[in-house]
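Per-chain numbering from 1; labels A, B, C, D, E and F assigned in written order.
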Amino acid sequence: MKILVVNGNTSDEVTAVLRAEAEASASNGTEIVVVKGRFGAHVIGSRSENAIAQHAVLDAVARQGAGMDAILIAVSLDTALDAVREAAEVPVVGMTEASLLTACMLGDRLGLVSFDRRLAPVYEALVVSYGLRDRLAGIEIVEMAPAVAAVARDACETSLLRAAQVLVERDRVEVVVAVGAVAAGMGRSLKDALPVPIVDGVACGILQAELLVRLGARKPTVGSYALPLVRNPVDLGDALSGFLCRKRPADIS
Amino acid sequence: MKILVVNGNTSDEVTAVLRAEAEASASNGTEIVVVKGRFGAHVIGSRSENAIAQHAVLDAVARQGAGMDAILIAVSLDTALDAVREAAEVPVVGMTEASLLTACMLGDRLGLVSFDRRLAPVYEALVVSYGLRDRLAGIEIVEMAPAVAAVARDACETSLLRAAQVLVERDRVEVVVAVGAVAAGMGRSLKDALPVPIVDGVACGILQAELLVRLGARKPTVGSYALPLVRNPVDLGDALSGFLCRKRPADIS
Amino acid sequence: MKILVVNGNTSDEVTAVLRAEAEASASNGTEIVVVKGRFGAHVIGSRSENAIAQHAVLDAVARQGAGMDAILIAVSLDTALDAVREAAEVPVVGMTEASLLTACMLGDRLGLVSFDRRLAPVYEALVVSYGLRDRLAGIEIVEMAPAVAAVARDACETSLLRAAQVLVERDRVEVVVAVGAVAAGMGRSLKDALPVPIVDGVACGILQAELLVRLGARKPTVGSYALPLVRNPVDLGDALSGFLCRKRPADIS
Amino acid sequence: MKILVVNGNTSDEVTAVLRAEAEASASNGTEIVVVKGRFGAHVIGSRSENAIAQHAVLDAVARQGAGMDAILIAVSLDTALDAVREAAEVPVVGMTEASLLTACMLGDRLGLVSFDRRLAPVYEALVVSYGLRDRLAGIEIVEMAPAVAAVARDACETSLLRAAQVLVERDRVEVVVAVGAVAAGMGRSLKDALPVPIVDGVACGILQAELLVRLGARKPTVGSYALPLVRNPVDLGDALSGFLCRKRPADIS
Amino acid sequence: MKILVVNGNTSDEVTAVLRAEAEASASNGTEIVVVKGRFGAHVIGSRSENAIAQHAVLDAVARQGAGMDAILIAVSLDTALDAVREAAEVPVVGMTEASLLTACMLGDRLGLVSFDRRLAPVYEALVVSYGLRDRLAGIEIVEMAPAVAAVARDACETSLLRAAQVLVERDRVEVVVAVGAVAAGMGRSLKDALPVPIVDGVACGILQAELLVRLGARKPTVGSYALPLVRNPVDLGDALSGFLCRKRPADIS
Amino acid sequence: MKILVVNGNTSDEVTAVLRAEAEASASNGTEIVVVKGRFGAHVIGSRSENAIAQHAVLDAVARQGAGMDAILIAVSLDTALDAVREAAEVPVVGMTEASLLTACMLGDRLGLVSFDRRLAPVYEALVVSYGLRDRLAGIEIVEMAPAVAAVARDACETSLLRAAQVLVERDRVEVVVAVGAVAAGMGRSLKDALPVPIVDGVACGILQAELLVRLGARKPTVGSYALPLVRNPVDLGDALSGFLCRKRPADIS
């Protein structure tokens, strides 16, 4: 099976990290294709950059989505997850969504570690939007700019570990969810250093995407995730326009 | 004072409707400037089009926001509200946000009327994201495509009225919130036809924007709504790039 | 327009503070009329005094409400807000309600500063009753008796500022809501001292009352905020009896 | 033991109903004293009348509370429950509070029957204020004015029964809570007519009040239910003034 | 009246503690019968032991329930409460359920003290399952193994008191709920040592069980608490098999 | 990998259905081992039978769990899920838990179809206990005894389909979760008959169990899911006693 991993950033470094971790997480026989944004922020670190990335993610899917069996939105804010889930005909998973839902099967009280203080309320809003507010027992912030964190993996792991320990001690957290591309692979590398399970987004995201392909649930034809009828959008470029206005299967209301 | 009304659509008709209603709602001395999206959907009717509009709204603000005292996001989904609130230095209000908060002062049990069945869950998610889920007593959907509704005002009013009456009868709704550009002005025109108050987004949005200007609260310099530090975004065009990377007041962390 | 500001206390000092701040907050052309309670506590500081004030507030509205365009309940506990909203034909706003709803447009995570530890759970109950529990990120209490606070404005501002800073640091609060008549005007005076917006009840209350007058939504004729049919109440005095049993517009069920 | 039953109304008929049912519900050795409001509505049917009754209930307790072992607020809106709980030194229970909490031990999904459509949202707010929103599976309204209901007991029982059956069928309710003085005794009289338990306020209220006396928990000396320090209230009459300002045990902060 | 107190443990010491406290709490004329588990843990301290105790509690009720007027599940986790409530024809109360509901009438903000850190999330889940999450203001854990606590009453009281004080100071708790058989009687013994009410499970449980007997609500014949139709269970022993498959009153669907 | 599928019932027919569907759902290389309860109900249809099954499920795991890589609790009530998750060292998944979490990635509004009216509130409690109450848009009950349903697959599919359609129409459900062993395989067989995705427990459960094995998160050594220290349980039989008291890895507190 082929999974498209969408990096909503324009950064080649992050793309490389995501590719490596996605390939390390995938099952035998799963092919990973990574695409990055054509425009927007180097690394998304604000609400504004995330708003722009909503467009960029959809555009990336339009350019590279053909022939894929599933799509993983590999931005910690699960940027445009709902839009891609609507517009694509294959299963779509968000990195943070996947790690939160997977964590739910490993313990009751979830704790989040984020690498950016200013995005913390945005992550909280994300958890609420998934209906999982009551599972969230705590948030702890590693004060390290994502750009810095991306290049200093050791310091990053040490900080993440310390934050996770705070969550376990202070908030009695039973599973730690490390969010962000920065945390890619740390579920694996920090596994034995913490007394509770720790998961990250790429591993959970790839595995949940594979699972949805195996499950084979249908694309809805009604409701807010049915294919929309888009007509004559203005100035979106050929790829995105063509994707949104493509010929669709019959009888979709 | 000058208020920028941002139509996230690319439709001139909707722009005209918004302009007329915004001017009718504004106080003496308030100047209304309307801007529409440079790219994207004619009328937003899906999650995909809304994702693209996040970018388009921010782009529109970048092009026309200079010199404004406040900004009204005039899309029923309050598209990119949080991003513009972050990126601008003046107060920013969402049309649906404003009508919901205003309605809270007119009764306890709110009811929503939407003109699009497939967006209903997106409106519900919006209400939840504002923390107002417990105020929402019901949703009723007028089965009329927004594009159709935009040109058939009488039929539209009749349908809206009927839906509102269902909310009052069935769900004991005490205030009706009519969402969408289609509903612009209907708070006024249907005022006497219903036994409970009815509000719409443009009127509430303009008035709340004016209120925030009068109140004069400061722009935050910390937290998720402080001005972000955006560097070297890729391919966003001069206006948006310039806006996001503009020289900012000192000491903003 | 004329706005009646109802001080639920019997204190002349608080009345003067409220009058000054209401006048400072009002738009040109808005006339402020202030009325205080005829009986009850000097300054409401307990549930018992608040229970009595429910009656006193309604009585004050009955005595002075004629000819008003809107009413502001200027007690931090929004005493009898629902009752006056029911009994009056003009818009009615609570001071704390107004500041909470206004704050919702300035940031996601609200923090409350109260000047009385024993009323803290009552404020929390108020926030819950408005359906805004999920917006409340923290409460911080200034340990200063309201009566003391009322006369020592400088000490009061310093304490409020410190409490607000705790909310910003500890709870990542994005907007501070300062409750109580004591805080009147502090949204303005502390504006530049905090890194996030701060609002208080009188300013928000007056502005939201003006907004509702401009909006012109109708008085409901059904539901729990329709005019009630009150008959032969015992021993309420002429003003209140007359107000509650006044001749009403036709066909109100 | 002596229990004071407070009728927040000024109606002698309701007082008589409450007395009869309270005496029927009380254990051997429990003496029932009933007091009614000195001023206010004949029968509370609106938010305004309830606001006034807050004062009247406290006043009644001040007049008759001496020497009592517990107090039952016998108004369906549990009027001034929190104020009396604060001001008195003995246990205080609300009629509707008691029936809701008791119902929680008889089934999971509670259903409310109210005799007044316009008070339905007020009852819902009451349930929310007790933190029991998630237990409430449905509300059904008997369209019968309380005043009428009070004199036509048979019709009243028939209507209540029908409403309760709707709750069982439609909302899968497992315990019915009949609210209001009108429903006094109907827990007993309708017991065998419904397939699920039905409880009413007076019986539950008297029994829970007796229970709290037997339990003997202490009056708090800190927090929002400690005795407040009330000084020089204006024009409350001797009884209420004396009660609020009475000499209190030492060391109450 | 006769109340069956079910110790879900197999410990004679805990049985003796429960018996003593139940007898001390019961009214004149109430006879206490105590039964303990036939199999399972000495003292339940984990989810596994609690799962086994579900069976053991039901088995104990089958063996000793005949002729009882009410049943108190005297395990802090309210083990099998819902199952016994379904299977028995008399009122059934859980120890922790009873103390939580009783506490609701003594203050708004409840605080829990538990004697076992690893069970803390299970208690939280219990509170949530009762729909009382919004009443819970804090949890504090006494780090003392239940087995140790059972024999060192003085140390236990001292620790409980300290934990309760933390709840009052830090979380502004207004009523303390001490959970666990270990806490039996401490509502009484610590009454004067704390500035807020403190309740424990046995006293509240016995009193609420007596109350339900006095109230006399009916056994439901529909819904999830009606007597189930159990046929030919495998290998449950004569007592439990006989109890579950006993001849039942007519017309139970 | 080897997955143990635990049928909490004692029914051979249900065991066979579960085995067939588990094998049909498993990936290549996954071996399915099915175990059924040694005692208890033929088919769990009540709270009492479920209480007994808690013990039976743990007992079954003790007998057959050795050498397994993951465990699937294949009872619709996820019986003893938390206990097995605590007691086992490998990942443990509940059938209904897995289908709910998987459904969260297929749409926003979930709808439940249950084959037993009396268990409906128990399923709702389960959804609440997973913190997913806000995702649940509706429940629809197929009035068909589980025992009957088990043998009449066609009638069962027809009824399930009709119930699912009601959820889509009435509650705007976007994903249908069919609960119960009866529904095993219906996610597959009804896939094309509904306009929205439908999932069932066995398929989702097996796939999520495989996913957790691949993910390789660690067993916690602290918190409520760490291995408990069980000593000298009474009369549990050799298998369960041995399992609970087995020699464990060092330093587990």
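One rule holds for everything that comes next: contacts are C-beta pairs under 8 Å (C-beta built on N, C-alpha and C of every residue); 3 or more make two chains touch, one makes a residue touch a chain.
As the structure is a prediction and not an experimental result, all values here were calculated from the model.
Novice: Which contact partners do subunit E and subunit F have in common?
Specialist: Looking at subunit F and subunit E together, the chains touching each of them are A, D.
Novice: When the contacting C-beta pairs are counted for C-E and for A-B, which pair yields the higher total?
Specialist: Answer to which pair has more contacts is A-B.
Novice: Measure off the straight-line distance from the CA centroid of subunit D to the CA centroid of subunit F, and report it in whole Å.
Specialist: 44
Novice: How many angstrom lie between the CA centroids of subunit B and subunit E, rounded to a whole number?
Specialist: Whole-Å distance between the two chain centres: 52.
Novice: Where the centres are mean C-alpha positions, what is the separation of subunit C from subunit D, in Å?
Specialist: Distance between chain centres: 28 Å.
Novice: Would you please write down the residue numbers of subunit B that are in contact with two or more other chains?
Specialist: If we look for residues of subunit B contacting two or more partner chains, we find 82, 108-109, 120-121, 125, 128, 133-134, 172, 174, 223-226.
Novice: Can you list every touching chain pair?
Specialist: By the stated definition, chains touch in these pairs: A-B, A-C, A-E, A-F, B-C, B-D, B-F, C-D, C-E, D-E, D-F, E-F.
Novice: Tell me, which parts of subunit B touch subunit A in their complex?
Specialist: 10, 37-42, 45-52, 54-58, 80, 82-87, 118-122, 125, 128-129, 223-226, 228-236, 240, 244
Novice: Given the complex with subunit E, which residues does subunit C contribute to the contact?
Specialist: Per the touch definition, subunit C meets subunit E at residues 117, 120-121, 125, 128, 133.
Novice: Give every residue of subunit A touching subunit F within the complex, in rising order.
Specialist: 27, 82, 91-93, 97-98, 101-102, 104-109, 130-135, 168, 172, 174-175, 187-188, 191-192, 194-199, 203-204, 207-208, 210-212, 214-226
Novice: Show which residues of subunit C lie in contact with subunit A when the two form their complex.
Specialist: The contact residues of subunit C facing subunit A are 108-109, 134, 172, 174.
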